[in-house]
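Given below, in the form of structure tokens, are the structures.
Here come two complexes built around chain A, the first alongside chain B, the second alongside chain C.
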Partner chain A sequence: MAVKTVDYIYGLYNDEEILLDAVRTANAEHLEIGEVYSPFPVHGLDPLLGLEESRLHIAGFVYGGLGTLTAFLGMTWIFTKDWPIIFGGKPYWSVPAFIPITFELTVLFAAIGMVVSFYIVCGLGPGVKEKTLDDRITDDKFCIAFNKSEVNIDAVNAFFKNTGAEEVNSKSL
Partner chain B sequence: MSSPVSAIRPPLVTGHKSYHDITEDLVIGTEKTPTASWVIGLILSVTLLGFGIFCILWTIWNGIGTWNLNRTIGWGWDITNFVWWIGIGHAGTLISAILLLFRQKWRTGVNRAAEAMTIFAVMCAGLFPLIHMGRIWMAMFIFPYVNTRGPLWPNFNSPLLWDVFAISTYFTVSLLFWYTGLVPDFATVRDRAKGFRRKIYSFLSFGWTGSAKHWQRWESLSLILAGIATPLVLSVHTIVSFDFATSVIPGWHTTIFPPYFVAGAVFSGFAMVQTLMIITRKIMKLEDYITIEHIESMNKVIVTTGMIVGVAYLTELFISWYSGYVYEQFAFFNRALGPYYWSYFGMMFCNVVSPLFFFSKKLRRNIQFTFFMSILINIGMWFERFVIIATTLARDYLPSSWSFYVPTWVEIGIYLGTFGLFFTLYLIFVRVAPVVAIAEVKSILKSSGDQYTGGHSDSHSHKAAPAKKKTLVDTAANVVSDSLKKLEGIGPKIEQVLNAGGIYTFEQLSQTSVDKMQSLLDSADGNFKGNSPESWADQARLAADGKWDELKTLQDKLDGGRY
Partner chain C sequence: MGATHIQARIENFEFTGKLKMSLAIMMGIGILSLGWTWFVDDASHTRFWTNLLHNATFVTGIAFTALFFLCVCITAWAGWVTLFKRLWEAMSMFLLPALVLMTGFALCIYFNVGHNTLYHWADAGSVETDTILNGKSSFLNKNWYLFGTIIIVGVWMLFAKKIRSLSLDEDANGDSDFEHHHSLRRWAPAFLPFAGFSSAAIIWQWIMSLDAHWYSTMFAWYSGASWFVSMIATTILILMYLKSKGYYQQVSSEHIHDLGKFLFAFSIFWTYLWFSQFMLIWYANIGEETGYFKLRMDEYPILFWGNLLINFILPFFVLMRNDTKRKAGSLIFVAIMIIFGHWLDFFLMIKPGALHTFHELGAGHGDHGAVAHAHEALTGFHLPGFLEIGTFIGFIGLFLFVFFSALSRAPLTPKNDPYLQESLHHHV
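Now for the complex of A and B:
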């Protein structure tokens, strides 16, 4: 990924309800919010920011299906084509006995696939340097950040003042 | 958005914590110098672990003959310990997954440590099948990889192989679930740290920033992982029970085994969580986060699963009699009155009789008693596995091959060694990671913090205890307020209006005249024409006195707060 720095102006709020009101105000004033950070998931924020629902669960379903097929078709091929052996007088293709492993691999594939996808789409992973605007965001501050090139700075300053931001700072990431 | 506050549920976070207090309280365990008790605990654990490793090496070097297993009793302490540990490893995922799906908020206090416990217990469990293979260097033969022997594949129809898949999947999924939950909390630790420590936590936290989109995906991921981990956790002990149930041994060949084993696993798992959490909350001073409510909730799970286990024991007995099958009948007769009768009665007492004490609310909320019970249940559940495995095998079809079994020092040493492994890992965990999920506790604070639920932690017990006298404004200029929304006719907006008018508590509201309230409503922004304050003072009077039952009766009569 190309490294490009963005100049942010951001305000810190003390409470998620003030944050939600501020986001509503920003929407009403047509200020384009760059990013919102919080110490825990704030419910009700996603629709205000216009975030679409995550598609991770669809990916999970696909990975799970892949696991089902891998396990079931794999065992079928091994026990009917590659090396057929009779166990306890049962047919080569003994479907009920394949169910437990098929289930386990479905879960395994879905879980690993989703977790890996999560870290990739979020751009997170071991060795990724964090781009934090403020160290208190993971503690007790709720942050609205604007990209300086996209907004009118005076309007943003006025917005922060009106919506009860505790602090307003700038930082380049 | 204002969080829904339940009028009857007790608070789960006490001590009037702010978000910052939560961070402070939960991160401090990783920041301060280890205490002497921690160091002593670690030394003891590592010593035990060292002895365990020695015994494992002894087994590998001299062969499986160093154990007292014989031709009749092929599974002894090894598989008993395996099933025992894997059962203990069921509580963590149950707490984090099933309770997440059921939206049980109390899970946030204990899920992190319980999940860690799960992972460590599964590691201990996994050791036993590996060692008992005898030739551990061939352990990879159990996995279906493309090998130079044909390729020769394992038997996919065998429950022992299902076990391999179940346990490795369970371990992997639990680890991923646990770590994904830890990432935001590692970021919290990181942002308070400096220098080298910051570098370590920066690595561990994967670059987490807490942006809205990341949180959204994180929640989606947690929910789906919980959704798939729920059937997984049930499948794991089901498959472990198949190891026995698919055999033709009397006493094992029963269809009741899967639910019976799963209930037993949850039962023993919660007992182990209690053992650990009671010590952890005491030593790390987490009483505000792991409250007596958490302990009571877990005790309710224990009494429920304990009764399921009890019913299963009795069902087994009944069915063996009812089957008319002499070998089956003998197996149970032998369990209760044979050479290992003491383990059978130990199991019956610890697992069936003793949990019934938890029907007493007083005992459920007694920490010392809970701790004692948790140890008793752990012992009882070990006996259960011993009864099922060794006792049953000791008396098989042919009296000429009947045998008796006592473990050697090597087998005992390996078992002790797994305790060493378990506690070593747990002690390292409490130093490195926040023991309580910080972000998750913050997210339930508004709905379950005691300052928001009104602070009357005993309101659910229907005792008309007078509400604590509150000062209106405390020193930090934070208003200590009651949740006025509990009164019929008062919503979040009106609560704000009343607060703006200087009314924060039930006491104050009860002394305010209807005219004053009406004038507050009239002068506020918004349309409150539909709301009439005529009953508020009376309702507030009852709430202030803690008369919740009477308040409920009154509210049933009221229509939108009107008489």
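Now for the complex of A and C:
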């Protein structure tokens, strides 16, 4: 896939509280933030960036429901039509005995479905190489990146200086 | 950290005359209902005794689980509850009236007041001839019933008093050494193992032994989970009420959200235990075990299936989403349904066994001509009637009266608790 590269200018911060303050300042100064990277989810960051609530959990509910139906209808078909066997004098259609397996398949479908959806949405997967702006954002640094074509570089440099960025770099991704 | 210091609002709850009046009226309704029940009852006053036991154990359990959860939070360094932990301290103060109530009840069993036939094991003639009752008689006997009730609820009450007094003393004398907190961190974990074992034993003797020939190792957990969910629902309703009266303005939707999660999670936990108990017995299909469920499924189908509908299906689907745990409307609706639902759950644990025992003992004595036949639906047994609802209202009134008077005697927020700032900054 040939993706057009974007020129980024980015600053690194030491602490999530400083990052949050910086994002607030950027909002106040109407600087359009390209991306924010952090090694872990930062509380209160999503509303500041104006991100929409993820719809992953709705997908999870649907996958879970599919798991419920698969398990329950599957067992119903197997034990009443396909291969009826009497276990311990119980009826063929023994609902209480189906419940644990139905539960397990619900959880399994929801979990695997959500992981796969998440990977597809994020373009991740086994063997996929993701480029990062800076490897330290996967460790202990918090990063605000601006798309150079969208912002005034001088204003951004001043912004990084004022908000306490440790380092300012540029990179194309 | 850049987090700022938030000034906690320290305020006192005012127990107004109007509220006292409403609660007194509720208690009046309860006393009237109980009295009325006595006179319309059968010869052994089974409906009266079961109503008393049903409601007394239900509110006692709410007070106990409040203390239990408070101790869990202290032990687990859970700071988010600090802002409103006085609610649980005040709820646990109900353990004193609970001790009086349950001891009084145990005395009535001890002296066989009103010739009640509540517990089959309390009938000396049956124990002699019945191998199963005889085998259980070292635990199920009148002496232990009375003694165990006093000891267990008494110790609960002493722990409640100790933990509350430490917390109140911290308000007055707490400093940056946090001696009170360290002391709480010793008392709370000491309570947990005692609470775990003793609550199981007390549930066996108060409730499970109504079906004296039957037993289930899941039963204590299952009814304990019922208590716990009801306690969380009660906490949510009381918090919402106090917030509407202008108190606890610093308790935000973040705290409410977490309480909602507990309501959701422990409703599922209750269902898990309910189902585990049911499925193992259904699967093994041993007559002496299945009797419990056969009786309830055949003769109490509305309660039996309604129980699962109210206490599992409803909270599961309503509280699954994030926003329904944060919005007052949906949360209050579910909390009310859950309290009622678990009250019905206790109804279903208590009534069938007691009615069955009455039929067995009554038939033996031959002096209960007016006894209805087993398959005839009886108000007050197969479904709660107005007298049951009235008794429940009375007990809610009593519980809230004790609770609000305890709450009004101390500030609503512990100002010197080391976790107060964490609670004020709580963010889900």
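FYI, the second predicted complex is superposed on the first by the 171 of 173 C-alpha atoms of A that agree within 3 Å, B and C clash if a C-alpha of one lies under 4 Å from a C-alpha of the other, contacts with A are read in each partner's own complex, and residues count from 1 in each chain.
Definition applied: contacts are C-beta pairs under 8 Å (C-beta built on N, C-alpha and C of every residue); 3 or more make two chains touch, one makes a residue touch a chain.
Predicted, not measured: the structure shown is a model, and the values here were computed from it.
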Q: Please tell me, clash or fit, for chain B and chain C sharing chain A in the overlay.
A: clash
Q: Based on the superposed arrangement, let me know which partner A:Gly44 touches: chain B (first), chain C (second), both, or neither?
A: both
Q) What is the contact status of A:Ala97 with respect to chain B (first) and chain C (second): first, second, both, or neither? A) both
Q: Give one of first, second, both or neither to describe whether A:Glu17 is in contact with chain B, with chain C, with both, or with none.
A: both
Q. Between chain B (first) and chain C (second), which does A:Gly89 come into contact with in this model arrangement: first, second, both, or neither?
A. second
**Q.** chain B versus chain C, judged by how many residues of chain A each one touches
**A.** B
Q: Answer with first, second, both or neither: which of chain B and chain C does A:Phe118 touch in the superposed model?
A: first
Q) Does chain B (first) or chain C (second) touch A:Thr138, or do both, or does neither? A) first
**Q.** Stretch in clash, chain B with chain C, out of 184-192, 328-336, 418-426 or 544-552
**A.** 544-552
Q) Both chain B and chain C contact which residues of chain A? A) 17, 20, 43-44, 88, 90, 97, 100
**Q.** Footprint of chain A on chain B - complex, ascending
**A.** 1-2, 18-20, 23, 144, 150-153, 155-159, 161-162, 165-166, 168-169, 172-173, 176-177, 180, 183-184, 187-188, 190-192, 202-203, 205-221, 224-225, 228-229, 231-232, 235, 239, 242, 438-440, 442-443, 446
Q. Which of the residues in chain C end up touching chain A in this complex?
A. 1-3, 275, 278-279, 282-283, 285, 320, 427
Q) So in the complex, which bits of chain A are touching chain C? A) 15, 17-18, 20-21, 43-44, 61, 88-90, 96-97, 99-100
(Q) Which stretch or stretches of chain A touch chain B in the complex? (A) 16-17, 20, 35-46, 49, 51, 53-54, 56-57, 60, 64, 74-75, 78-79, 82-83, 85, 87-88, 90, 94, 97-98, 100-101, 103-105, 107-108, 110-112, 114-115, 118-119, 121-132, 135-140
